[in-house]
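Two complexes are shown next, each including subunit A; its partner changes from subunit B in the first to subunit C in the second.
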Partner chain A sequence: MAINFNQVGFTYQLNTPFATQGLHDVNFTMPEGKFTAVIGHTGSGKSTMVQHLDGLVIPTAGEITIAEQRIVPTTKPKELNKMRAHVGLVFQFPEAQLFEQTVLKDVMFGPKNFGKTATEAEAAAKRALRTVGMAEKYDERSPFELSGGQMRRVAIAGVLAMEPDLLILDEPTAGLDPAGQEELMTLFARLQKERHLTVVLITHQMEYVAQYADHVVVFEGGTVVKEGTPAKIFDDVAWLQEKQLDVPIAKQFADKLATKGVTLDTVLDIDALADQLAEQLGGSAHVH
Partner chain B sequence: MTPIIELSHVTYSYPNSDTPALKDLSLTINQGEWVAIIGHNGSGKSTLAKLLNYLLAPTAGDITIAGTPVTEENMWAIRDMVGMVFQNPDNQFVGATVADDVAFGLENRGIAREEMITRVQAALTEVQMAAFADREPARLSGGQKQRVAIASVLAIQPKILILDEATAMLDPKGRREMIALVHELKTRMGDELTVLSITHDIEEAASADRVVVINDGDLIETGAPAQVFANADKLREFGLAVPFAEQLKEKLRERGIDVPASYLTTEGMVDWLWQSISTK
Partner chain C sequence: MFTNMIIGRYMPGNSWIHRLDARTKLILSVAFIFVVFFANNVAGYVVAIAFTLLSILLTGLGVGVFIRGVRPLMFLMFITTLLQLFFVQTGDVLWHWAFLTITTDGVTNSIAVFVRFMLIIMFSTILTLTTQPLAVADAMESLLQPLKKVGFPVAELALMLSIALRFVPTLMDEAESIMNAQRARGVEFNEGNIISRIKAFVPLLIPLFINAIKRAIELGDAMEARGYRGGDNRTKYRVLTWQKQDTIAVIGFIVFTVLLIATKWL
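Presenting the complex of A and B:
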């Protein structure tokens, strides 16, 4: 599902004395079947934008297109029900939304809500639970007796069980330990490739952006200030710092080397860095 | 060096659980130390923190804080000495304003009003939040909320500050500011303040004087960050992050390059690389 924002604006409590502008003049395109990362410091408008993707809020200006669905200020939330069935939204700390008595029932809730029969919902829920690596033995357990990482995976299965075409992930790995973070990101990357999903990832972790994203959208002050490939976005370090954004560690490291006179081609990940360094070291280093 | 936290053969099992969350753990932390406790989710590190101020009582073993046994009888004296800041900044606010919130712990302890006003002001100044004294806590950023939470703890004038994944929910900027704040507090207060930070953040752990690794309830290793972080394989085995310079060393080794065996910081690695490359 391709996504296009055209001059989109959103004002909280419009036409009241409390009106506050959340977004203004937002323009971008997220390509279908690709991995798009959304970055920007806290309060830049990223999360407000994301709420538009699921029709949780309707823009107060401009036009949004998500696949065939057009959303304008006069669109009624009800008109978006059909689209919403194709959009999976994983909020921050999604385990806070678990509520059912068993893991399986919790994951079945979504598909049932969108009109699947109990049998269909159960099959979808079981598929989703195995996809996120939750073994069958947990199906009948209470979700509240699981570890934090397991609860997170069950909550994500709840979204995957609806078999969305568009998967939106808002800081999906926050608070997990490094191994848990890596497992989840690998899962999302695999799903995106296997099912040709359109993935939108909101993150502060530039390593993920460098490693997984095809496309990057940068927010600041309620609007988009840059859009492009990770290589393009991370090219201008001074600009990123001014926007209070980090640079991937491999690039920071390469930039430190550059100040000492060791110059390398653009690197965003550790493997590219190691390749180039090995080549430069090759002459003097002892090769086994 | 004076020991301030002493755990001797401490075991803790949660009700209805077959395996203990902590097993026969012994550990001494000296006054003025900054110790980072690392371990994967569910390793027992937060359980350890909760035992230290009697939020949980050990199933077996003894704990003392500054020589005082941690028991039900001494619970309030212990809690005056041990202040905790938790992961979620939204779960620890009670006051309508930032100043009220910091005053809460003092009111509970029956501190006189004059003294209370001075202490609240001083604590907020320590964390650079004095300008926000009359603001509503809900309207602060995550990093600001955690700074106020630290101020609430400092107002009690504790000997020990426990940060239980206090930076986990912050953005990178908020996280760096928190680490910088702890550095400042440590510099200013010296041995008056002992810091125990429970964390996944490698940068935060590397700032500590000592790192303690806990895995499935067992104390695996304790040592200087350089010593603990040098063993990448072991860190990975316990589900922990490996510092970037160590990851890079591994990658270079795989590519047939001879790299130093000892631990290198990022700066150390940069120096080693440019020297090796320029003398080629």
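Presenting the complex of A and C:
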């Protein structure tokens, strides 16, 4: 599902004394079937933008296009129910949405709401649980008996079971241990490739952006300040530092080598860096 | 969906009423509920309405805010008024159908109840709109001090109250984010018949309760870790001080009360 924002603005509590601007003049395009990363500071408007992608809030200015659905300030929330069935949204700390008596029932909740029969929903739920690596023995357990990492997986399965075309991930790995983070990111990247999903990832971890993203959108102060390929975004180190955004380790390393006279092609992830270095030193490509 | 609630919300400002001591506002708001019952004729209600309007104008927030604040309670007021209208059986009969009877006393009573209700809500709204919730808790603690002598846990009660008030916005935010997460999973709040609407709230309420309990346990641990013990000899960052304007407010209120009682003989 291709996504386009055209001059989108959103004001919280419009027409009250509490009115505050969330977004203004937001323009960007997220290509269909690609992995798009959204980066920017806390409070830069990323999460507000995400709520627009699922029609949870309606913009107060401008126009959004998500596949065939057009959303303008006069759009009624009801009109968006159909679109929502094709969008999977994993919020920050999604384990807060668990409520059912068993893991399986909780994962079935989404598909059932969008009109699947109980049998279809159960099949979809089981597939989703296995995809996120939850063994069958947990199906009948209460979600509240699980560990934090397992709860996160169940909550993500609850979104994947809806079998969305557009998967939005709002800092899905926050608060997990490094191994858990790595596993989840590998899973998302694999799903994106296998199912040709359009993935939107909000993150503070530039390593993931460098490694997985095809396209990057940078938010600041409620609007988009830059958009492009990771190579383009990470090229201007001075600009990134001014925006207080990190530079991927591989790029930092390559830049340091460059000052010592070792020239490499643009690299963003460690594997590519290792390959280039091995080649220059006359060794064979390393095994990934 | 919670953004239109005025009740219980503090609106910052620097009006004469904002600057009054929270204790003054608390005592006068409670006193008003009783005093307003002295009004039992048109003159009495005119005095009560005039006093409420004057107080509202002194907050500098505009009458519109108060009217919006009353709106969510309209349904309750309407029901109470209807009950009065149909259940008061004294006076001349104006209209009769099956078991329903409307009498002159019923009409006057229901108007009186409506006006009284309206005034009490508006007057209490003055307290909540112009006083920070924590100041209200402090005021309550200060006013309950005498009960300490008979072993009443005043400090604990005040702590409970301030924690409860402190977490209202947090829980509201959390409710909103859980609601969004469930809407993303296809729950439609505020749609369908009453039963499906009530059912839609289960996926909201269960996580909300679980998170609230977790949060309470964490808060308790954090307080104990920092050595919190009950109220003995604790000093306060914000000290409540009685000032000239508070005396003026109390005198103004006494004058109003006397006037209201005097209307009896009009």
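Operating definition for what follows: the second predicted complex is superposed on the first by the 273 of 288 C-alpha atoms of A that agree within 3 Å, B and C clash if a C-alpha of one lies under 4 Å from a C-alpha of the other, contacts with A are read in each partner's own complex, and residues count from 1 in each chain.
Convention: a contact is a pair of C-beta atoms (placed from the backbone, for glycine too) under 8 Å apart; a residue touches a chain by one contact, two chains touch by 3 or more.
All values reported here derive from a predicted model rather than from experimental measurement.
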{"item": "First, second, both or neither for A:229, with subunit B first and subunit C second", "value": "neither"}
{"item": "Which of subunit B and subunit C A:84 touches, first, second, both or neither", "value": "second"}
{"item": "Touching partner for A:113 - first (subunit B), second (subunit C), both, neither", "value": "second"}
{"item": "Which superposed partner A:43 touches (first subunit B, second subunit C, both, neither)", "value": "first"}
{"item": "First, second, both or neither for A:275, with subunit B first and subunit C second", "value": "first"}
{"item": "Contacts of A:147 with subunit B and subunit C, given as first, second, both or neither", "value": "first"}
{"item": "Partner chain in contact with A:261 - subunit B first, subunit C second, else both or neither", "value": "first"}
{"item": "Superposed model, subunit A: greater residue contact from subunit B or subunit C", "value": "B"}
{"item": "First (subunit B), second (subunit C), both or neither touched by A:94", "value": "second"}
{"item": "Touched partner set for A:186, first subunit B, second subunit C, both or neither", "value": "neither"}
{"item": "Those residues of subunit A which subunit B touches in one complex and subunit C touches in the other", "value": "none"}
{"item": "Contact footprint of subunit A on subunit B as seen in their complex", "value": "40-42, 87, 141-142, 165, 168-169, 171-174, 200, 236, 239-241, 244, 247-248, 251-252, 254-258, 266-267, 269-271, 273-274, 276-280"}
{"item": "In the complex with subunit C, residue positions of subunit A that touch it", "value": "12-13, 16-18, 51, 54, 56, 78, 81, 84-85, 87-89, 91, 94, 96-99, 109-110, 112-114, 144, 158-159, 162"}
{"item": "Residues of subunit A that touch subunit B when the two form their complex", "value": "41-43, 147-149, 174-180, 204, 244, 246, 249-250, 253, 256-257, 260-262, 270-271, 273-275, 277-278, 280-288"}
{"item": "Subunit A contact footprint on subunit C (complex, rising order)", "value": "3-4, 11, 174, 177-178, 180-188, 191, 202-203, 206-207, 210-211"}
